[in-house]
C-alpha cells in the first residue's frame, strides 16, 4: 500500500528559533500514529505546517500523492486531511448542530449528499445528538471535545490530525474519546495522527510513535520501544517525567 | 534645507506626542481611543480659556490645562469606558461619542471662530541664517523632554515596569498581582496629558477651533499603525517618517498632498506589513 | 422568521408607505427618502460587518463610490439616470475587491483601519483632482431618477425592502451561517474546510454593491455629489445606525438608520444645540443599551407576550 | 440674538418654528422669510441677527401690505444633505414666502434644484461662486427664482482685485512680481485664471500660483515657497481656510513682501485682535465697513453694534438688504406671488448698506462705482481698519507690514 502522507525535510523557523527542523516521515493509509514529545517540542507547529496554518520555510509534504505544501488550510481539508485543535475552538453564537453543519458545508463533504442529514448522522456518531440544538456556550468541556471531533469528521477526512485530544479531560471522558477514535478507525478505516505528550493513552491506541524534541524527530518505533529509548527519556528529564507515564 | 530639517522635526515631535499616548493606551488596555484628538483640542481650549478669559499667566495656565485634560481622560476611562471594556466596538463607539459631544460643547461655549493662544516665545529665532518661529523650537524641546521622561518613567520605575508587564501580557500581569484597573487609569491620564500638552504647545502656531480634534486624531492613528499598534519606539520612528515626509512633500512638491501622505502610508503598511514597523507579528 | 416577525415587518413597511400620504409635503417625503436610504446603508453594513465581525470603518468609500459613479454617468457624461444603478453597484463592488483582498486576511482592528484609511484617501483624491471631481463643491446638476418626489420615495422604499429581504435571506442561508462561523473563529472555519477568504470577500462585495446602490439613490435624490459622501463621519454614522438598531439582525440595522435620521430631523428645532443633544442621546444609548435599541426591543416584546 | 426656541414643540414632528418676532395676533398671516444658514458659524449668526434687525424695523413701521414680517431659521451647516432638507423644510413645511441665506457654494449649488422645485424666491447673501447664478442662464424657467444680493461673485471680485493690483501694488508700491495663494474651492478656481490674465495684461508677472486644501493647518511650507519665488506681493484668496493660522504663520515667517486679497475671516471685525495683532499690514477685500459708503452704512453699522454688541460680518449687510429688497418688491407688486415679485426684483435698483444693488440678466448683483463695490481695507496699527482703495472712499494710505518698515 502506498503512503497516504509523506513529509520530507520540513523546516520552520521563528525569529532565530528553529521550531521544526528537517522532519521527515511517512504514514500509510489506515494507520494510527502518535507524535510524542514534551511541551515545546514542535508538535503543534508541525501540525500547523501540515494543515496550511503556517507557511513552511523548506521541505515537501505530499498527501494522497499530491503536494499540499502551498495550499491554504481549507484546500487541504478538502483533499481529505482534517484536524482538531488543542484548545477547543467552537463557533460561538451558533448551536451545536450549526457548528457541525459548517463542516458539512465544505465542498468535499457536500459531495456526500444533503448536508443537514449528514450533520445529524455525525452528531449521532459522536454522541451529541441530544444536545444538537443547544448553544455551544453551555456545553461542558468533554462535549466541546466531541464537537471538535464532529466538525472535523463532517468534512469526510481520509486522515485526521488530533492535537492533544485528551487535554483537560477526566478519566471517564478520556475513555469515551479513546473508544470513539478506535471505532472511527475500525469501522471507517480512517487514518489518524495524534499528538500527545502523555504516553498512557498512546499505549492503548497507536501502533507506532514518532518522538520529537527541539523540533526534530529523535526516535520512531512501537510504543513499548519508545518509552525505553534513551533520547526520549532524556528529553523528558527535568520536564514532566510523570507525564511520560512510565512509572 | 535646514528649514525643512527644523520644521520636519517640529511636526514629527508633535505627531510623536500624540501617537505615543494613543499607542500606550492601546498597548496596555487594548483601547482604541477615538477621543484622543479631543484631548488635544481640550488642551488648547483650556489654555485659551485660562490665559485669555481668566488672565492666568501662561506657564501656570499650561500646567493647569494639562492637568485638566489628564483628569478628563481619567474620568472618561473610569465612568464611560471601563464598564464597556469587554466589547472593543462598544469602546470605540463610546469614545467616538465623547469626541463628537465635546466638539459640540466647544462650538456652543466658544463659538466657531478661531481662538488665539499666547506663545511662550513670540519672535523668530535665527539658526544658521534660517529664521524659525520661536514657539516651534519651544514645542520641539518640550516634546522631546516629555517623551524622554515618559520613556524613563516606563523603564526606570516600578509602576513603569507594571505598565510594561500589562502591555506584554495582561493576564499574566493580573496573576502577578498588578492592579490593572489602577494602571489603566494612570495610563489613560498619561496619554491624555501628553495629547493635552501637545495641544497647549502647538496651539499658538496651529489651529484652535472646535473641529481641531479631527486632523490630530487621524494623524495619531496613521502614525501608530505605521509604527505598529502598541509599540512606543515604533510610534516615534513612524512619527519621524511621516512628519518628515509631509514636510518634504509640502516644501518640495505640492502642499495639497500632505494630507494624503499619511493615509497612503497607512494603507501601504496595512497591505504590506500590517504589524507596522515595530509591532508584534499578527497571526491569521 | 416567525409569523409575528412577518406581521411586524409588514406593518412597519405599510406605515412607512402610508406616512407621506398623511403628511403630504416635500419635506417629509424628502426626510423619509433619506431615512430609507440610510436604512439601505445600515443594512448593507450589517450584512458584512455585523455577521462576520469585521467592522468596516470606511463604508462611505462604497457609498461615495456609488454616488460619484452616478455623478459621472449622469451629471458629467449625461447618461440616462437609470444607468447609474448598475454602474453604481459595480464600481463599489470592484473597489471592495481591491481593498478586501489584501486586508481581509488580517485580524483585529486592521481591516477596520484599512477601510477608514481607504475612504479618507478617496476623499482626499476627490478634492485634489478637482478638475474631474469638482473638488469640495462636487458635481451638481444631476437629474432625478423619478421626477415626482412621492414616486421617488416609493422607489427608494421598495429598494430598501428588497435590500433587507435579499440580505436577510442570504443571512439565513448557509452563507450567513458561514459568516457567523467566521465571526466565531475564522481559523476553525478554515479547518472545517470553508474557504473563508472567498466568503468574506464575496460578502464584502455584496455589502459594497448595496451601499453603492444606496449612494446612487442618494446622489439622484440630492441631485448633487460632494466629498461629504466619502467622509469618515458618514462611515461612522452608518455604524452608529447599526449599533442603535442592533448588530447582526439586518432589519434592526435598517430600522436604526430610519430612526436616527428621523431623530436628527426632529431635533432641528433645537437650533445650534441639535447635534449636541443628538450625541448625548447617542452616548446614553451606547452606554445603557449595549445590544442596541430596535432589535432587542422587538425580542423583548415577543418575550413578554409569549 | 438667537431665535427663541420652543423646546417642547420639537417633540412633535410638526414643531420647531423659530419665529423671530413674538407671535402676532394680527388678523393677517405674516409674510414668512425662511433663513437657510450655518447657524453654528458667525456668518450664520449674523445672517439671523441682521434679518431680525430688518424685520423688526419694517414691522415697527407697520409691515408690508398690512402684514407683519416673520422669519424661520433652518440650519444648513456646511453639509449639502442638511442644506437640501433645510430648503425642503422651509418651503414645504413652513411654507415660507421667500428664502434668504447661503454661505458655502457647494451647499448652495446642491440646494438649487430643490429651491427651483419649490418655486420659491431665493436671495443668496453668502456664497460667491458664479456657477450659482450661471444656472439662471442655463435654464431660466427652472432657476429664475435664484438671485444673489451679496457678495459680488468671485469673477467680479477678481476684476476689482486686478484693478487694485494695477493701481496700488504696481503704481504705488512699485511691485510687479505677484504670488497667488488660494484655497481649492469652486469660486476660487474660477477666480484665479481671471486674476492671472488680468495681472499679466496690466504688465505684472505671476511668479507663483498655488491652490491648497481648505483644511490645511500648516502654511509654513507654502510661505517658504512664496518667498523663494522672488515675488514682491502676495495675493491671497481665502474663505473657508484657516486664516487665523495663515496670518500668524505669515507674521512669524516675516514674509518679505506686503500682502492682501480676499480673506473672508479677516473681514470679521474682531479678526485682528483674535490673532493678537499679527494681521496688521494685511489688506483685505471687504464689502462694508464703518464708513459713509452710502447714507445707510453708518446707521446700519451702529444699529447692529448697539443691538448685538459686536460688529457685523459680511453676510449681515447682505441679509439686511435682502429683507428690504424683498419687502419693497412685494409692496410694489401688491402680492407675494413669485412671478410678479421676480419681475419687480429684476427691475429693482435698491440703495443698500454697501451701495446700489441691481441685478444683471443672470440675477447676479452688479459691481462697480455706485453699485456694491469691493473695498480694500487694511489692518493698521492698533488693529484699526483703514479703507485704502478705491480712492473716492479711502480713509487712509496703504502702508507696509510692520516688519518691512525700516
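Letters A, B, C and D mark the chains as written, and numbering starts fresh at 1 in each.
The rule is simple: a residue touches a chain if its C-beta (ideal position, glycine included) is under 8 Å from a C-beta of that chain, and two chains touch if they have at least 3 such contacts.
It should be emphasised that the depicted structure is a prediction, and the values quoted were computed from it without experimental measurement.
Give the label of the chain whose average Cα location is farthest from that of subunit A.
D
Round to the nearest whole Å and give the separation of the Cα centres of subunit A and subunit D.
That pair's centroid distance is 75 Å.
How far is the middle of subunit C from the middle of subunit D, if each middle is the mean of its Cα atoms, in Å?
Computed value for the inter-centroid distance: 37 Å.
Subunit B to subunit C: how many Å between their CA centres?
About 32 Å, centre to centre.
Which residues of subunit A are in contact with two or more other chains?
Within subunit A, the residues that touch at least two other chains are 53.
List, in ascending order, every residue of subunit C touching at least 2 other chains.
Residues 124, 127-128, 187, 272-273 of subunit C each touch two or more of the other chains.
What are the residue numbers in subunit D that touch two or more other chains?
In subunit D, the residues touching two or more other chains are 40, 184, 213.
Tell me, which pairs of chains are in touch?
A-C, B-C, B-D, C-D
Which residues, counting only subunit D, touch subunit B once they are in their complex?
My answer: residues 40-42, 184, 210-213, 215-218, 220-222, 224-225, 242, 244-245, 248-249, 252-254, 265, 268, 270, 274-276.
Taking the touch rule as given, give the residues of subunit C at its contact with subunit D in the complex, in rising order.
23, 25-28, 30-31, 34, 124, 127-128, 130, 134-138, 140-141, 149, 222-224, 226, 228, 265-274
Touching subunit C in the complex: which residues of subunit D?
2-3, 5-7, 9-11, 13, 15-18, 39-40, 73-75, 79-81, 84-85, 88-89, 91-93, 105-106, 109-110, 112-114, 117-118, 129, 131, 135, 184-186, 189, 213-214
Please give the residue numbers of subunit C that touch subunit A in the complex, ascending.
174, 177-178, 180-181, 183-185, 187-197
Using the touch definition from the top, list the residues of subunit A that touch subunit C in their complex.
Per the touch definition, subunit A meets subunit C at residues 51-53, 72-75, 77-78, 82-85, 89-94, 98-99, 101-103, 105-109, 115, 151-152, 154-155.
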